[in-house]
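The same chain A turns up in both complexes below, where it pairs with chain B and then with chain C.
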Partner chain A sequence: MLKRVAYYPGCSCEGMAIEYDQSVRALCYVLGIELVGIPDWNCCGSTPSHSYDPLLGAALAGRNLAIARSQGLDVVMTPCPSCLKALKTANQVFRERPSEFLDVLGMPFSGDVRAISVLQLLYEEIGPNLIQKAVKFPFKNKKIVPYYGCLLTRPPAFAQFDDPENPVSMDRLIEAAGAAVPDFPHKTECCGAALGITQRDVVMRLTGRILDMARAVGADALAVACPLCQQNLDLRQDQVNRALKENFNLPVLYITQIIGCALGIDRKTLGIEKLAVKTDALFQSA
Partner chain B sequence: MRIGVFICQCGTNIAGTVDTRAVAKKAMEFPDVVFAVDYMYTCSEPGQKEIQDAISSHRLQGVVVAACSPRMHEPTFRRAVKKAGINPYMFEQANIREHCSWIGTDREANTRKAIDMVRMSVEKLRRNQALFSTQVAVNKRVLVIGGGVAGIQAALDCSDGGLEVVMVEREPSIGGKMAKLDKTFPTIDCSSCILGPKMVDVAQKENIRLYAYSEVEAISGYIGNFKVDIRKKATYVDWNACTGCGECTQKCPSKKAFDHFNEGLGATTAINIPFPQAIPKKARIDSDYCRYLTGGKCRVCEKICPVKAIRFDMKDEIVTEEVGAIIVASGYDLFDARVYGEYGGGRYPDVISAMQYERILSASGPYGGHIRRPSDGREPKEIVFISCVGSRDISVDRPYCSGICCMYIAKQAIMTRDHIPDSNCYVSYMDIRAPGKGYDEFIRRAQEEYGVKYIRGRVGRIYPRGDRLVVQGADTLLGVQVEIEADLVVLATGVECSAGARPLAEKLRISYDQHGFYMESHPKLRPVETNTAGVFLAGVCQGPKDIPASVGQGSAAASKVQALFSRDTIETDPQVAHVNENMCIGCGKCEQVCPFGAIRMKTLRDGSRKSEVLETVCQGCGLCNATCPNKAIQLRHSTDDQILAEINTLFD
Partner chain C sequence: MQRPHVLQIQKTCDQEFIKRVERESGQQVSKCYQCGNCGASCGYTFDFDFPVNQIMRLVQLGQKETVLGSRSIWLCANCQACTTRCPCNIEVARVMEALRIMSVAEGVVSKKNILLFYDEFLELVRRYGRVFETGLVARYNIKALKPFTDADLGPQVLMKGKLALKPHKIKGLKAIEEIFKRFESHRGK
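Presenting the complex of A and B:
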């Protein structure tokens, strides 16, 4: 099992998704995984850089891997699926176009630092069994559905994690936390992603579909592992209600918050109160 | 030795990037070469004539042809020189096409390389010896592996021609996939009505020996004389005694055994006869489900059986058969739909495979031929068929078209509309591929006469809503998204190689492609032969195809065997290992490495041990030659001297 990983929070975990960052740190602390900061880490490049120049994007992300390597670490963990994709792309571009990449990066790069998501860390390195053993406050009689979004398992050859169309890693982790997991057909349907800024009606429709299905299968809450998914489902839930004349009231928690609660970490530390849709009902025993 | 060299231009295939004239000119300088020329098509009739004329006019004793790969034309040229009076092994072929002109564009470098290759061949030829084949008797029995429709056709044709046939079938009954089908396209005739009589023929022909529930364990020997070990798997029923009365299946208390014949729809008993028309119609105990074999208690069938056929102590048995030729007809398997997580195959009971649907349609199927949903037994009204599930998709490593699905979907949709006139059938397709005789017309009938709704595009997701399934996809012709609430979804899972195809190929020493389908000797001109002499192919084991094509190949393979068996003897290949007894120290290393068991050790009168090659068994692989510490064992036509001469001349 991994004991020490470099931690790359990415920009959203410093802002919109600060509660994701808080819960990742608190959970890893309790699980005995040391998160080592990457000194002077920089933006992963995100969508603008690679749309402008793939080499620029790869080099921006690659710089973080290079610093981690110089700290003697060979695994970088990030909570954000977009950052994960950027970091993995750096390694791929290095393999495909080494000299150009090194030229832009301008620092030593070995290509052997592995990037993983926090979900991968929890599922593959720690595993549902260990987590289940550590659970003190299981979510009894609650139904929580996992929403994976588009990036965590795709494209399959690139992500190399879980089933691309019917992933089950979060399902197993939620079960370990003691909740029931109904079959959730929309677990990888699109949430509309960044279209919330340019074409909000699309996000309203797509996010609405996901919430509708969650309600239909009787969910008390949704679990997510992506800041953007969380934003669309949670922060925009009110907008969706207005746009679609609905009255969804479904809490949307990060998987790290769910496991953290089950492990007995206090809710404030996990940033639960920062969520837009209130979670009180979820924590009342039925 | 007087050597003649012939450089082929192969039209522009070689001459395009090799200066053949310069190669010929240079060849005249090589030792013993007395004649050299380049020619447009050396393999053509005038080309061969040119060689033969040169042999007589220049009194040639050996010939080098620099041309294409010897795989196709070495036999051609050997025959040509033999006709002109030279031993066929006083011939060498340099491959300056595949190994030279086709792989480089630098004319000068290619020409240099071609000259080197010719030089090597000349040096080898100078050390060649005349070799002579012997004649061995052909064992005129044929082994057919696989009892699907292709294997059945091959076996019956061979049997009609008076040959003795040994058929090995892995399952308890022959019939293969076709036995499970309801109707067959494009004529919608009943599958078991046309296959059944052929299956019965296999059982009744006196010259066909059927080993059902058996597999090929090992194969040795060579064309004309193969030895085959067959594993008869334990059925726990003495098939000589069993009459197929079925009493045991009535009383067996273990009623949840997996029903292979019905593709897992419904269950069967631990002791069962797979289906009413099974050949042989004998009972077998499924040891995974038998209460006695798993738990030590029951033996009900033993008490019931009127002829006392049950044998709980039965073990697998190995029998050996000798044959002169082998027809492989081991068929195919179907893609596992669970790979596509978005379709929910294996998770939602009403998302089924097309083969399961065949069983549902079939009167002998689990629902007696009434179309029902597996989940609740309700008659479905909205049925969606999805094509290319595991075909033409590189992301699941199935880049090829399965070739049959478009047609069987149309068939199943027609049958559905026939059974349930107020139903709606939708087909989600990428393209329609129906190139056979009467096939496109068949598709049009489905669309126009039966009103099956064809939607071009892919389905992206299937999920339950209430007790129905929402099928969500695209119509790429209209450019819109579609959502259909269906009662039943049928996935046209693609064709893939039969489980166990690769290990079987290794036993047969035949090659297979990257997807496990067996390689024919030539994709156009030798479609049912393999590169192992005496081994032939039929049916889907060679690549996806429908019943007419499978049957055609079955007959073709049978006719190849009959042509082979029309001679009483065949020539052996003299390119085999040979022991120089004076140098053999009797260490026995060669015996250990030979993969074909072609070497045995003998003791001479003076008590010394020497190795001996069984020339008819030796395949000429050369392993012993490379292993022998004393260079006592040499592969004829590829001796150490010859190979070293080829290499040395490169560095002179």
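Presenting the complex of A and C:
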């Protein structure tokens, strides 16, 4: 089992997704995984760098991998799927176009630092069984649906994690936390991603569809593992309600918050109060 | 009567364009047999001017102007559903990405607001090394002349201490600037 990983929070974990960062840190602490900061890390370039030759994003992301390597670490964990994609793309571009990549990056790069998501760490390195044994406050009689979004499992050859069409890693972790997991057909439907600001109508429609399905299967809450998905589903839920004349009232928690609560970490430490849609009903025993 | 989407295929087929898309995406576009899986999987088809499978067909036919000027390539969220489901193992999302990059290089971007947002994002990375959402939304809103985008979200995220009002400058800004500079000179070559 991995005991020590480099930690790349990504920019959203310093702002809108600060509760994701808080809950990742608290949970890893309790589970005995040491998160080593990447000194002076920089933005990975995310989606915007993809309007230009991938070399730019690859070099921006690559700097972080190179720093992690210089600290003697060979695994970088990040909570954000977009950052994960950027970090992995850096390794890919290094393999495909090594000399151009090194020219732009301008520092030593070995290409052997593996990037994984926090979900991957929880599922593959710790595992639902261990988590289940550590649970003190199971979510009894609650239904939580897992929403994976686009990038964590796709495309399969690149993600090398779980199943691209019907992923189950979060399902198993939610079950370990004591909640029921209804079948959820929209596990990997796109929520609108980074188009929230530029094309809000598109996001309203796509996010609305996901919330509608969650409500239809009787969910008390959704579990997510992506800052963008979380923002679209939670923070924008009011906008969706206005745009689609709906009355969704579904809490959207990070998977790390759900497991953290079940393990008995206090809600303030996990940043539960920072979520937009109120979670009170989820914590009342039925 | 105006028929915007009638294509004069023989007249406008650009062989060079087909080769360039295949080279820059690393994908063999000619393998596409129009099964439609990608278009059916794409959550954005309702808002595209051409569903992604039609984009693939248009590339095969060398319809450079139509493809590079389409809304579709900019509304694509890079969600990878198409790539995952293509029976010919074409990385369709990589084709879409290559087309976006080409449309910037050729100056024919259809959804200028999306490119503007991305450029503002990169400008913040260049200046500070990291992105802070307040600055990003503010800059975009001013330049896109949409001062109130997401203003309704402001009060609650502020109250919850989620918005940094000041950017965090990293120490290695020089290294970042050099990456941008080397990238620009590489691109100029």
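In the analysis below, the second predicted complex is superposed on the first by the 286 of 286 C-alpha atoms of A that agree within 3 Å, B and C clash if a C-alpha of one lies under 4 Å from a C-alpha of the other, contacts with A are read in each partner's own complex, and residues count from 1 in each chain.
Here, a contact is a pair of C-beta atoms (placed from the backbone, for glycine too) under 8 Å apart; a residue touches a chain by one contact, two chains touch by 3 or more.
Small disclaimer: the values here were computed from a predicted structure and weren't measured.
Visitor: Where does A:46 make contact in the superposed view: on chain B (first), on chain C (second), on both, or on neither?
Guide: Second partner only, chain C.
Visitor: Is A:135 touching anything from chain B or chain C once the two structures are fitted on A? First, second, both or neither.
Guide: Neither partner.
Visitor: Mind telling me which of the two, chain B or chain C, contacts the most residues of chain A?
Guide: The larger set of chain A residues in touch belongs to C.
Visitor: Counting only touches as set out at the top, which of chain B and chain C does A:156 meet: first, second, both, neither?
Guide: both
Visitor: Using the superposition on chain A described above, determine whether A:166 touches chain B (first), chain C (second), both, or neither.
Guide: First partner only.
Visitor: Is A:186 contacted by the first partner chain B, the second partner chain C, both or neither?
Guide: A:186: touches chain B, not chain C.
Visitor: Where does A:75 make contact in the superposed view: on chain B (first), on chain C (second), on both, or on neither?
Guide: A:75 sits against neither chain B nor chain C.
Visitor: Just to be sure I follow: which residues of chain A are touched by chain B in one complex and then by chain C in the other one?
Guide: Residues 156, 164-165, 188-189 of chain A touch both chain B and chain C.
Visitor: Mind listing the chain A positions that touch chain C in their complex?
Guide: Touch residues, chain A against chain C: 11-12, 14-16, 18, 40-43, 45-56, 59-60, 63, 96, 100, 103-107, 150-151, 154-156, 164-165, 188-190, 192-200, 202, 205-206, 235-236, 238-239, 273-274, 276.
Visitor: Would you mind writing out the residues of chain B in touch with chain A in their complex?
Guide: Listed in rising order, the residues are 340-342, 344, 347, 395, 461-465, 470.
Visitor: Provide the residue numbers of chain C that touch chain A in the complex, in ascending order.
Guide: Listed in rising order, the residues of chain C that touch chain A are 26, 43-44, 46-47, 75, 77-81, 83-84, 91, 93, 97, 100-101, 104, 111, 113-115, 117-119, 121-122, 124-125, 129-134, 137, 140, 149-150, 152-153, 156-157, 160-164, 168, 170-172, 175-176, 178-180, 182-183, 186-187.
Visitor: Can you name the residues of chain A that touch chain B in the complex?
Guide: Residues 156-157, 163-167, 183, 185-186, 188-189, 213, 216.
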